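Read through the structure below, which is laid out as structure tokens, and then see the notes.
We just call them A, B, C and D in the order they show up, numbering each chain from 1.
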């Protein structure tokens, strides 16, 4: 059971041109910063990235976009990203937008060995085009296929040498479902502990889904929308 | 005529004790400020949180704790975190009692368009399609006319749809509408707004009962 | 947000004849002992019970069988239970046996708002009779419908006044998926704490799925197969 | 000829370092005793546990910690618990590398029957149908003949099926068989067992290569 690798470079070493990757995170929250840096350094191109968002110009997946490493993005919301917009409008970048719940559930479906799921999201909209519609109890649902990726890359708070993962707050987001959807799953964690230190009842992602794990470093954890209140005001 | 806070204040009256509520970005976010005292409501944030609290005090922001609008937030006692699949699972299963969101257009049969303008950069639908397709009760918070003075309560939507036949209620700067039987039914007028103002600002079928009163805030 | 009830009798008071119940637990592990006692006391009959097992003669759902309260059991394994066998052979009791994973996933599907799921379990067997078969990537799957129950009754280790639940070890089993599948969900817990005492990241069942909660008492937690090893022997 | 422990011991040789393994009730449970030192294997119990350890010492039993056979167990460092849906999710997704289970009958095309005997009280299939329909690699541990001396390696199963075309390997008291191309391919003979014994005990199509050797334990 040898899952621990030394660093991000080792973890991503066999990610090749043309592969499909899942990248965890919501906005810049809970993104695998170390692996993204390693992918930028490695320079591997022509990637299809399944990720809820596409980062910002100078952080997250935005860094890979700057290097023109991404052929196609599969996301629910691509946010504010000038380089992304430029590549999209110039036709360099392909984008497939899908509803956020559908995205999450299609990843989960792979991890649960379910080849397809039914969701009402998108019925009657352009998202439904070309898809099978089916009625259950008088309501229409789209059949959506499970997502599987060559590599899933996720970020957790703590992990152990068996690959068990625990996430923090809303940095959990897409990470657990993507961890289940990778043929090979790489987890970077803020703290890597020996097997036996984590409470078995508190594991969010059981190690069976994780193939490589390492303790990341120099986490910037950038905040996209720093919003504060002042005393005596609710919002 | 209501301003943004007025719309939020009026919508807050729709929130009942014990409800689980999902608030969209923009005016819906402001609704949290006007939930009456003594009412216990749990706010769901679709990025994976039940029990969302107010924004943090300066210096207490946590990069790992944000809402679906990517803003730093806090949690209230009794909150719970979960992954994105379970988050939309509980939405699809109808466990979220009320969804409040913005719109660009609503049609008289309850269709909603709020994610895409052809010819403009498309940012994506995020969780909006899941929310409108699943929620038991959807209230739309919106401006009734666009900047050219054109109605956004339409016979049928001109923009690409987010969902069909799903909006139950609309609160705008001019009034409160129930959407049913293929028409906008005026329930209340905003302070100082005439029926004439409302008729001009409604392109879709409008039903006005004889006893429409001015709203109380 | 008033979810706390005083005791099991109050929690089950409006469970009526002919209703469908989900009951958590695997064997006798993690079963809602207090609610089962209250149902026996109440004497409500003609119930359809969805539960992985049917208890033993004098414990668990076996107690309800003794009182002839169960019209139909939907289970994956009905184990050793003489009264169960007698009622089944005499035709008093109807039994529907379904694969364990299918049972769990059909409950989960309800909680995830998915009207149906696909599983390979049972393809080519009598379980597949009358069911739609569909091929994905060259493999056959059965389409199975989501389960929903009038009431789901689960047992957790800890819970709070908002209905959030945490389970212990393998007493988790079917409890979280059934908690999601009830129109009304009742949770009995060994320890009920005020909202705010449980770590939000460690909640197994978010309170949104739980409608009534109470602290149970006098847990027997009977062991069905007490098995021990002796020093220097592995098994 | 092997006894139960011999069968378990032979199967243990199929277990490789780093594997996730699900062991059924009966002989498969015994396999855990013979996994070679230096090999790290994680046992999955389908009631919701990865990292199952040995039975507890007397006095250390915990009613909340059992295996799929409802026996009290322990956990090893690095274990994780989860609910029944995720447990079968990881099974269906092919994350469990090896499933070892018992059978009443196996057919030459890999069908398996192990849950129901018509006319007898039916207890249920438990997780067996999910396991055989999903596992990447299935090894069956069984007696090759029933108490009437009849073969249980058949042309086609006579009992209601648990799964079709799924068994990859069989270890019995007489030998080790690979199931492929519609036949039982003899890989190894048990100590002291002749090819004649094996032929007599195999009703289905049997393929014997010239160089079948006696197994090493």
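Heads up, the rule we're going with is that a residue touches a chain if its C-beta (ideal position, glycine included) is under 8 Å from a C-beta of that chain, and two chains touch if they have at least 3 such contacts.
It should be emphasised that the depicted structure is a prediction, and the values quoted were computed from it without experimental measurement.
Where touching is counted per the definition, the chains common to chain A and chain C are B, D. Note on connectivity: the fewest steps through touching chains from chain B to chain D is 2.
In this assembly, the C-alpha centroid of chain A lies 37 Å from the C-alpha centroid of chain D.
As a whole-number value, the distance joining the C-alpha centres of chain C and chain D reads 28 Å. Residues of chain B found to touch two or more other chains are 49, 75, 81-82, 85, 88-89, 91-92, 134.
Touching two or more other chains at once are residues 105, 112-114, 119-120, 167-169, 172, 200-201 of chain A.
Chain-to-chain contact here is organised irregularly, matching neither a line nor a ring nor a star, and falling short of all pairs touching. Pairwise chain contacts in this structure: A-B, A-C, A-D, B-C, C-D.
Residues of chain B that touch chain A in their complex: 29-30, 32-33, 45-49, 54-58, 60-73, 75, 81-85, 87-89, 91-92, 111, 121-130, 133-134, 160-165.
Those residues of chain B whose C-beta lies close enough to touch chain C in the complex are 17-18, 20, 40, 42, 44, 49-51, 75, 77-82, 85-86, 88-96, 134. Residues of chain A that touch chain C in their complex: 105, 112-120, 136-137, 139, 141, 145, 166-169, 172, 200-202.
If you check the complex, the residues on chain C that touch chain D are 26-30, 52, 75-79, 85, 88-89, 97, 99-105, 107-108, 119-127, 157, 167-177, 204, 221-231, 234-235. The residues of chain A lying in touch with chain D in their complex are 1-2, 110-114, 160-162, 164, 180, 194-196, 200-201, 203, 206-209.
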